[in-house]
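The following blocks contain the structures, represented as structure tokens.
Below are two complexes that have chain A in common, paired first with chain B and then with chain C.
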Partner chain A sequence: MIAGVSTCVALALVVVLVPLAPGWDAVRASFFDGEVFVRVFPDLLRAFTLDVAIFAWSVPMIFALGLAIALARGNTNPALFPLRIFGAVYVDLFRGIPVVLLVYLVGFGIPGLGLPRPWNSPYIWGTVALVLTYSAYVAEVLRSGIESIHASQRNAAICLGLSERDTMRYVILPQAIRRVVPANMNMLVALQKDVALLSFIGPVEILRQAGIFKSLLANFTPYVAAAVIFLCITVPATRYADYLMNRDRDARS
Partner chain B sequence: MKNVLTAALLSFAATGAMAAGHCAAGKTLTDGTLTIATGNPAYYPWVLNDAPEAGEGFEAAVAYALAEEMGFAADAVTWVRTSFDEAIQPGAKNFDLNMQQYSITPERDKVVDFSAPYYTAPQAVMTTQPVVDGGAAPTLESLKGLKWGVVASTTALPVVMDRIQPDQSPLVYDDNANITAAMQAGQIDAALFDLPTALFTAAVLMENGVVLGQFDPDAAENPDQFGMLMPEGSALKTCVDEALAAMTDSGKLAEIEAQWLQEATGVPLIK
Partner chain C sequence: MPDPRLSLRGVTKSFGDVQVLRGIDMDIAPGEMVCLIGASGSGKSTLLRCMNGLEPVDDGAVRLDDVDIAEPGFDLGPIRRRIGIVFQSFNLFPHMTAYDNVALAPRRVLGEDARERIEALFARFGLADHMRKYPDQLSGGQQQRVAVIRALAMRPQTMLLDEITSALDPELVGEVLDVLRRLRDDGMTMVLATHEMAFAREVADRVVFMDQGVVAEEGVPERIFSAPERERTRRFLASVLR
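Here is the complex of A and B:
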């Protein structure tokens, strides 16, 4: 009851007070022009399918590579020590470089070495840049998950006669991955937005399409329309992550 | 009492006019100075060496000539830098005029004010020697088959889509530097610029750049005309237009154009 009233009051204050600001008419014309919104929305939606496609083909690669790096970093075999060093350097390097820089560097730099078409495509190398960055993040998330599994689990598995490999495969990883699902969902939401960075090297995805409309129409409404489309995806995704997390917690308690 | 006040106001305006021209007095951001915005960075041949204060380059020279026409001394001109977005955002602006090759379009004109055009830009196709060796020619037929790149904030994209109608959808970039990088990487074959930019980019920024051809600006339905951008409803617009008209009539504008924009007779027309 109190919560409902205070929410309504807060909302009413925003609705009443913001339009009273002296610049409101100009802001509304620039950001919330209904005519522009309707005109650009179908094109933006079409451009958004490119975002979804890039996202869809990046995610499996990110998780495969992330898992490989996490395992490389986590191995305790002295003979495989170089692998461990490699994992650490990889994570430090790609987690430390801004995504935009990596997109430029890989997207323009590697094709500039003289690759023929279609192998110099910005779609390929832009994807590589995203995968490099995000797999470094995901590797760290997975590693923290693996390390959070109590040592008694490992010991118990070994007592049961499982090999080191099977212990990881059947005992540690299933628990570890489940534990870091929320963190990884955050990664996916972030990735969904960072896909737009590929527009810097040419592909016309939703933010670029909105930018084109913005400069043709001298109006920021296309960006608002793009934000609406993004929210339609990211809000259900985060709610689903919450649901998964709650279900997992309920199941364990 | 009212008369006295009017007289006082008039005399105040008159003193202002002594300092800053007959028309622009009291209409600029800072009284007595004209604040002009350019790009960051500002590109050749519009501004030389990214230093508009030197008055070198077409737009920088036009800016100082315009300021003089409006009664501002050269040292009363202040430069600021803005992006395209800052120029069109709602709210107070930090410039009186913004000059960075803004094409005048009816849609943009709804949101901001444009001066009369100070330059009509032919659109030109820039490509590389290997593409030309591969058989690219200045004909619409040949241009259709190329992979195109354009800068997002320019009006080049509609021209590519409507007049050239390429077989593959064009790639779009933030600025000229990125177009150059993509072309060096072989990701695009050709890019559409205004002719002066195309000539400069091909000659200086590219290793093997070629200006393949230009569209006849007189043949275009709505030719690409550059105007100075001002905030919507700017009081300065009439003054700027008057000054530009005077510069056109006196031949000053043509003289500046001849001095800073390369003679482009060597570039074939696209058929």
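Here is the complex of A and C:
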């Protein structure tokens, strides 16, 4: 009730006050032009399918690589110590570089080596940049999940005679992965947004398409339309992740 | 006495500066049921964990059927199939049904689909209707019985049981103790850390009283409980029996 009233008041203030700003009319014309919005929306939606496609083929690679790195980092076998180091370096490196920088470096740098035709595609190297960054994040999320499983679970499995490998595969990982589903959902939302960074190196996905319309129509509304399309995906996904997170917390308390 | 199934000599174990086991000698005969009693912190759990190699010992020998499993580098895998262990906190795998909890190790370690044997175990311990349930759908007593079945499914020769009724509501203790009585009647070799003095007195072949990391006194339950020789045994029993 109180929340409802205060929300209405806040909304009313925005609606009344913002138009009073001196530049409002100009802003409205260049950012909120209904005609332009309707005109560009279908094409932007079509361009967005490319974002979704890049997202879709990145995800399995991100999780496979992230899992491999998490396991490499978590192994306690002295003989495999170099793997541990490799995992740590990988995670530090790719979490430490801004995604957009990696997209530039990999997306321009590697095709610049003069690779033959399909291998110089910005799709491939842009995807590689995303996979490198996000697998580093996913690796850390998974590792925290693995470490959150109580040692008594591992002990119980080992005492039954299960090998380290089977213990990880059948006992630890299934529980760990379940536990980090919400964190990974949030990661996927961030990834979906970051796919747009590939627009800087070539693919005509939604952000690039919006840029083309902006130049063509000398109007910023296409960017607003693109933002709306992103929100339609990211808001429900984030809410769902929150829901999962709360459910987990309730289940554990 | 026949050759002991499990034989400990001079076993010591420290955590940091604290010496928790200070030279344990113990022989456990096949089919014997030994109850470990003693104050909290006296080293009962640590001793059990050393018996199956879960906790490496600092010094001394742990011989299972005359093989020293405390040797550094000893492959404990095959040993662990022969020694079942059940913990106070059940430690069932929460993401698997009761049946899958039990079936995992036989399938992965022994390579057998022990379905009939496992179903028979569930039936025997009164859980036939609960095989498809997840641990959080079972009562504490049921969970602990599943944990016992899980250990039994590996066909161990020896069972180590660490206060397996301590986490249970009083009305659920009985059903778990019943399981132990039946195992004893089967001739299972068992070492049981317990605070259930009446139960120890009833079923144990031998009671071992541990105090500050040593075996302070041992003997048949009748004697330990009615005529303890050592002062500290007397004091401990007075404190727990009130």
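As a working rule, the second predicted complex is superposed on the first by the 245 of 253 C-alpha atoms of A that agree within 3 Å, B and C clash if a C-alpha of one lies under 4 Å from a C-alpha of the other, contacts with A are read in each partner's own complex, and residues count from 1 in each chain.
Rule of thumb we're sticking to: a residue touches a chain if its C-beta (ideal position, glycine included) is under 8 Å from a C-beta of that chain, and two chains touch if they have at least 3 such contacts.
Here the structure is a predicted model, which is why all the values come from computation and not from measurement.
Of the two partner chains, neither chain B nor chain C is touched by A:Gly126.
Of the two partner chains placed around the shared chain by superposition, neither chain B nor chain C is touched by A:Gly66. In the superposed model, A:Phe200 lies in contact with chain B only, and not with chain C. In the superposed model, A:Tyr170 makes contact with chain C only, not with chain B. In the superposed pair of complexes, A:Gln153 makes contact with chain C only, with no contact to chain B.
In the superposition on chain A, A:Gly145 makes contact with neither chain B nor chain C. Shared-chain residue A:Gly161: touches chain C; no touch with chain B.
Chain A meets chain B in the complex at residues 23, 26-27, 29-31, 104, 108-109, 111-112, 114-117, 120-122, 199-204, 208, 211-212, 214-220. Chain C makes touch with chain A in their complex at residues 52, 54, 77-78, 80-81, 83-85, 87, 89, 91-95, 104-105, 108-109, 150-151, 154. Contact residues of chain B toward chain A in the complex are 84-85, 88-91, 105, 107-108, 110-112, 149, 152-155, 157-158, 169-174, 178, 181-182, 184-188. The residues of chain A lying in touch with chain C in their complex are 152-153, 155-163, 166, 170-171, 174-175, 178.
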